[in-house]
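Below is a structure I'd like to ask you about.
Labels run A, B and C following the written order; every chain starts at residue 1.
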């Protein structure tokens, strides 16, 4: 019986492997095997928000964007022929009309031409209330989209907005659809067709995703060098990492800061891998503070409403200690909410100074109680401390923060919960949306353009019973801040925006709207036999995929 | 089922005069002592229980105090079980974690016991429609895919002490209910119950004072084995990332925390000690359960295997 | 005689499954937080998207309507659509089911192949070294947390000694054919099957031993022995047949336990089966898939119980099907 079952399983395995063709040249080719730690339900970023879908979308393996962001926050055209500006006539004087011109000669991987109709169709899908595509906020600003000719699209904006280059990061092939009411059940929502260097051929849920090279890739007939890529789904990160070090995988999508010490140690002790890290800031781990009591922005939070408490938290956390103890030295300190992209504002982070924290609390009238936790007017300085449950590295520094703050007299009770309870909508009782939390740890803030990120600290972002839509961090409501955000989001003058964002960042920092903990160091590691890998500032090593090849 | 009724028989034979009950208890204990492994198990479990209650006060380390200077130390005389990545003494963690492990398991078994006894007693004593209805409910819970439901309950509600306790208890009260019911069915026909009823003793009093004490022996065996089961389920939950909130940790949680330290860094002590504690505790509990079964049901002495 | 009995038992199973369906449906719907917002906030789950999805999946309907819709679909073969992948639930499950059934089947076969001979030998040589050793190992097997066992195997056989592959069911680097493919499969399955079979084997061995001991003490076995029949015949034919009744029952009841236990095994060894799907779907609150898996698991429990009852009757003529 046992033998029969093995045979049965072997028979089932027939089509499991990627075909092993002879490489085109002696140097290039082969099928790379990439371990994927977090499986996505589908590889189309417009329908799936898990990180795995990134490879099908923004990383440009299969689907490509109109514009690519550069490290300094400016853009270069990819599917577009040029960057529309006022000077080249792409943007009208008032900024409400933008003309996008597409590059000539681009084809979808099935050979059909890529045209202006595809852009119009993609916008129509977003607008269709029966479609379930993700709705990036940037499309809210669009009034209408018209195809002027095969390669020209004209967009009317509701008001002038500097974020028009964020549109069409992902274009859908109109010829694959019958209507704009596209839902997640459509095959294209799972494995999208694109213009990129690779084509999806198969997706076995929980097992593997297969990609083959696009033989007619428009950028260069020699690209991509690889014959194909197999994404192997390995849910246990420890197993994926160790197997990678043993050479079973060419790389892993993706490593986090917590993995870097182990990878570097392995590289030093002779494992056949390359480790590369990026020295600049990426996603910051924030301690979001709830400024309101029970979701009502007119009533301040009984504990966190006091600026002294917020200041004590800021000075009471040993950030460098976290980086050294838990992250093996990988990670940088950041003090500004806008620390990357075009409007980078440099503000130094608070230094670790528990004495100062204690002094601030003493002066504000928070007296230590018998258990060392401070009390003022009968209110105990005791806070819930939450993040997504089940993240081991985070739990480690949560405990350090807990101990740090206990030493200055603030109690942090860790109560981690599943992500949907945190990020659920207002009607579903999501903790962030309804303001049912004290402090919440989450990563955010790494944006080319900070407009939408800053918008989540405005009064308008706070949902209530009448207006249940809104994405807020902190139930923070300050009309002065809102005024600046409004101005910055509606002017095209980059100089003026830089000035406005600088003011907002300073205000954010002074008010301690949220407390930055550390900025994760980005790092990648790949097997020595995988060549041609180069990291990109915003998206890591993944966009360089067309140049990858396996050394013989 | 027949086996169970027989187990209850010798105890239930009469109107349980004090003296006789005492001699029965002595007899049970005598039988239990003959099961050498059970005695060893009882000794070990008692030792562990005392250790996790008293131990944290005796050793010079705070299980929660983070100190980067003592991180990742292999076992030495100072730290017999080594330290973790936050520099906490593992022995202190194992002791305080054992407290939580045993508390969770005991609480889960207790809750299951209360529900099971209540359902079984009502069904068995009332008979007829209530009995039928309750037994259908028991059937439904038996057919639920246990481990899946436990995982789901904790994943959906979030890991707290009571979520975990209830999730385990919800899936383990049915056995007790069936045992108690069958004991009741046979006991309620006995002369001493009839006698009490004719004298006008209330139903509640009959159940609580006369029947329940006599129905308990098979339940005790089931409960003992239930503790072992609860420990294993809790450790599986922890492994799947559904354990307690830091800084608390059960043995299962410590094992789960040690995954990368063991696999990637070769820090064997991180996985060995909590794993060993689970292993020894479950083993001891199973021995005790076996011993109790033999003692309470002399006919099956040494012959029965039991499902953990 | 057996036929009508089986039919009647199957009819009895219908209200049972009905009850289960209500419990699991309510359990999911009562859970805090909606199903549609898992994942980090940075991944752009706008409230608009959640509203559109709620309407799209009919989550705005009253609970009883949702339940009836789901139940109706269950009967007609439309089990809904995965919130995660957009694929029909039945398709998602049937892609994964064969792997887990094969794993369960292999573990079951391995348990039987080890536990039965060991149990019989231990019983016929009671108090021998073999008896003590096997009983000790059974106790140890029952007390070992299976994920711990799995991690230890992984640590030793994959990472320390590099003897066995650590993940999945096939070698991704090379395309094996013929016997090499079978060998490839086998090496991938050794550790998962060992982990899954551990507790079942240990339990079963204890049962076999206990049942054999009980039967060997009975009069008719003594008589058979006394009449000069060879020991082999006595043990296998006379004792074995009677001892097999409780063993078969217990063994059947272990099938669902193995099936559920695959959750841990598949997670450790990255095997794309139902268990891994379940854990993944629980993380994502993929209600339609979770409901589908729970239904399948419940049906499996009911079926194995039924089969155990029927076999029990077939082997033990004292039971009558009335």
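In the analysis below, contacts are C-beta pairs under 8 Å (C-beta built on N, C-alpha and C of every residue); 3 or more make two chains touch, one makes a residue touch a chain.
Because the structure is predicted, anything quoted here is derived from the model rather than measured.
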More contacts between chains, A-B or B-C: B-C
Identity of the chain that, by mean CA position, is farthest from chain B: A
Distance between chain centroids, defined by C-alpha means - chain A, chain C (Å): 39
Whole-Å separation of chain centres (CA-atom averages), chain B against chain C: 23
Inter-centroid spacing, chain B versus chain A (mean Cα positions, whole Å): 45
Multi-partner residues of chain A (each touching 2 or more other chains): 239, 242, 418, 421
Shared interface positions of chain C, touching two or more other chains: 32, 154, 159, 267, 279, 283, 285
Contacts with two or more other chains, residues of chain B listed in rising order: 155-156, 158, 259, 263
Residues of chain A touching chain B in the complex: 237-239, 241-242, 262, 321, 324-326, 389-390, 392, 395-396, 398-400, 402-403, 414-418, 421
Touch list for chain B against partner chain A, complex: 64-66, 68, 71, 85-86, 155-156, 158-160, 241-242, 245-247, 257, 259-260, 263-265
Residue ranges of chain B touching chain C (in the complex, touch as defined): 136-137, 139-140, 142-149, 151-153, 155-158, 228, 232, 235-236, 239-240, 252, 255, 259, 262-263, 271, 275, 278-280, 282-283, 286-287, 302-308
In the complex with chain B, residue positions of chain C that touch it: 15-17, 19-20, 23-24, 27-28, 31-32, 138-140, 142-148, 151-152, 154-155, 159, 199, 203, 206-207, 209-210, 213-214, 250, 256, 259-261, 263-264, 267, 278-279, 282-283, 285, 290, 293-294, 297-298, 300-302, 305
Partner chain C, residues of chain A touching it in the complex: 1-2, 5-10, 12-13, 16-17, 19-20, 33, 39, 41-42, 47-51, 129-137, 183-186, 189-190, 204-208, 230, 232-236, 239-240, 242-243, 246, 248, 283, 388, 418-430, 432-433, 442-444, 463, 468-471
